[in-house]
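Letters A, B and C mark the chains in the order given here, with residues in each chain numbered from 1 onward.
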Amino acid sequence: MKTIRHLIDPEDFTKKELDALIALAKKMYLNPEKYNSICTGKILATLFYEPSTRTRLSFESAMLRLGGQVLGFSDASTSSVSKGENIADTIRVISNYADIAVIRHPKAGAPKLASKYAHIPIINGGDGAHQHPTQTLTDLLTIHMYKASFENQTVAFCGDLKFGRTVHSLIRTLARYNLHKFILISPKELSLPDSLKEKLIQNKVLLKEVSTLEEVIDEIDILYMTRIQKERFLNEADYNRLKGSYILNSQQIKNAKKDMIIMHPLPRVDEIAYELDKDPRAVYFEQAKLGVYVRMALITKLLNVG
Amino acid sequence: MKTIRHLIDPEDFTKKELDALIALAKKMYLNPEKYNSICTGKILATLFYEPSTRTRLSFESAMLRLGGQVLGFSDASTSSVSKGENIADTIRVISNYADIAVIRHPKAGAPKLASKYAHIPIINGGDGAHQHPTQTLTDLLTIHMYKASFENQTVAFCGDLKFGRTVHSLIRTLARYNLHKFILISPKELSLPDSLKEKLIQNKVLLKEVSTLEEVIDEIDILYMTRIQKERFLNEADYNRLKGSYILNSQQIKNAKKDMIIMHPLPRVDEIAYELDKDPRAVYFEQAKLGVYVRMALITKLLNVG
Amino acid sequence: MKTIRHLIDPEDFTKKELDALIALAKKMYLNPEKYNSICTGKILATLFYEPSTRTRLSFESAMLRLGGQVLGFSDASTSSVSKGENIADTIRVISNYADIAVIRHPKAGAPKLASKYAHIPIINGGDGAHQHPTQTLTDLLTIHMYKASFENQTVAFCGDLKFGRTVHSLIRTLARYNLHKFILISPKELSLPDSLKEKLIQNKVLLKEVSTLEEVIDEIDILYMTRIQKERFLNEADYNRLKGSYILNSQQIKNAKKDMIIMHPLPRVDEIAYELDKDPRAVYFEQAKLGVYVRMALITKLLNVG
């Protein structure tokens, strides 16, 4: 029997596989009609144990645009699947209803556990504070679309670098490429965990840590903004003190490079001023669009079709 | 770039466009097979910030019967889209997932706001007490199917004419046609707002206001019943006093014309007795059916296909 | 006009019809590609007035695998359909949106009532403690797949035989076939209702009642396990005393026949030890898979296609 491939962690794929996936996503973006029925007769199950409308709809759109079909649930509280049943049993049942599944779960490790019992490929659609690999793939594709090569790029991460799952996952993945420099911009309280910094240092990447955007804005090629989420703070006073510190606006990018790109995983709350939406450097809505194509490529690859 | 058309208010369409839409809906009703794949490859997003199962399923059925596909959410409370994100950002993201969207929202004006940021056509699926244009289109098509011409018709509205969004929207639209007479039947407390009455008078439509069905039943060609919703009343005593006043039954239509039609936007609670369901004049379930065809025509027109 | 067939109670079908349905399901299982577009253009409505994710997804998978489409709701509390409207009106409206509907409802009799007003075939997807006919069909198909003939089989039911809807429904249906013997294994407090026992006795089926698995395990061809649901008990002390009594594990099936099959409607909580999952006699996950094929056959038959 053929081995079933899953995507639980971005590191499940070799660099070569990642590159092939990104290349396929690009082709799909440029010529979507060519792929609009390669998943005919296939079913994607969207198993969302916590709501994440954007991620769910991005996957559903991807599968429908490939000619496939979708079933699932969008919130375990209105579902009966969690009533005393473990995820191992659930996924063995769902394996009979669908050909591939994406699992979003509040508990870290749940998609991985499910993948051990599944008879179909499992995609991790976000597991708590742990991983969100298709966001990472989306980010990779976005960089590829705007920057011809990863080499010589200076990428800056700004905001909550301590708790941001998206940032951790992307940093770990980008560390596998030959970037020029990483710049970490965060309040001290929300700086990148040491284990990740060490990983970067081991990989001989240039690393700079600062606490304001101002001092580094003219060096940046790729600026990755993140939200400082209220729920990550231990007390409200800390939240209120810090929340305004990392808001991007026209004034702040005055000295930025003309071809810098501003990325954001969305939803934003107020960390990027609306006035920037029309700036050609703001690519976050395009990034959301690219997320559909990277998911199309991923589904295609895991189903081994086309 | 081609202008994207939306349907937020029935008045977004010229009378000529309305007539063309109704004519297309009729054709689709008579020959649905001809249209069953003109939306192949297209995706409708159903964005329901408040539940409205009937409206949502009518749209989904319409899109599926055109060969298209559907994704979305049925209740914002089980969705994550409202978490601090404004609808402008949401719709810019969703514009990448779907080719057309219907938005139901508790706040008046939300679909209009969304349409300003969308890259895809937006249909207003009901925004609070404000508008529900596809119900109006459904009503128009129903009248067209049963009455060869709008001219010389006497149309009566019965029930809550003060708060009824459906009634206001239909009255405004019918005022654009040459009807013979409008009859308004309601308790004084729930009579049609003056601004709408004035609009009718300006258009030189005959207007009659009464407080009982009895005194006008023999004049009516089209009787539009509406529910007196409990939630519209300021106190329960008022509700209890009035709720029984406008209930239609066999006795009450004894003197009605043989070809009068009884319409209702559904759901009914008790404002039409079940005994009338088999009366050939009761067309409210057929009206619900016609709602699918008018939505098929609308989607087709806004997507500019077929 | 042709009569519309529904499936509300397994006894709605003659034995001959049941046999034909099972035969079709088998064919679909062996050669699914042959049937993957016989429902093109058809829509299934899944009307779940209470959540039952497994049942709902099984139906959705069945319809999609036939080339059809699906719309509906998964929980009446996030739906607006129950707001004061009776199911008779709801189903008359839904009849315009779909070609066939499955109804899950907490109240016994609701699907039957709906079927009286529907213009489309209605399938009972479980109505309270009353019936769950597609589970019964799934169980029948499972027995057919593993046992060449029903004759001479000894079937045992273990667990909550007093309240178990699944068990009652299957026993009534199996009583129509020439089985060799029924064995009922349950605590006295949860034994099969007398009316059902009498039905078995009238049909001249051998009947044996015991309170432990141990004393009969070597006689059994088909062992049907059920969960003892906490919510069925009047007090917690009873629940705690009995819940552990009917747990199946390797030790308990030591003396079982080599070709005995272990069935379970799922979800299980702890009534079957995980160590049995790899035992070839454990067929409960395969049973869930067969549920899709039997529903494919049912939809096909009720729609009168293919």
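Annotations
As a convention for this text, a residue touches a chain if its C-beta (ideal position, glycine included) is under 8 Å from a C-beta of that chain, and two chains touch if they have at least 3 such contacts.
Here's who's who by UniProt: A, B, C = Aspartate carbamoyltransferase.
Computed from a predicted model, the values in this text were never measured in an experiment.
The best fit of Cα atoms from subunit A onto subunit B calls for a rotation angle of 120°, in steps of 5.
Between subunit A and subunit C, two chains of identical sequence, the interface residue sets overlap only in part, with shared numbers making up under half of the total.
Each chain gets one centre point, the mean of its Cα atoms, and the points for subunit A and subunit C are 41 Å apart.
Multi-chain contact residues of subunit C (touching two or more other chains) are listed as 78. Contact residues of subunit C toward subunit A in the complex are 36, 51-54, 57-58, 60-61, 64-65, 70, 74-75, 77-78, 266-269, 274, 285, 288-289, 291-292.
Against subunit A, the residues of subunit B that register as touching in their complex are 41, 43, 45, 69, 71-73, 78-81, 83-85, 88-90, 92-94, 96-98.
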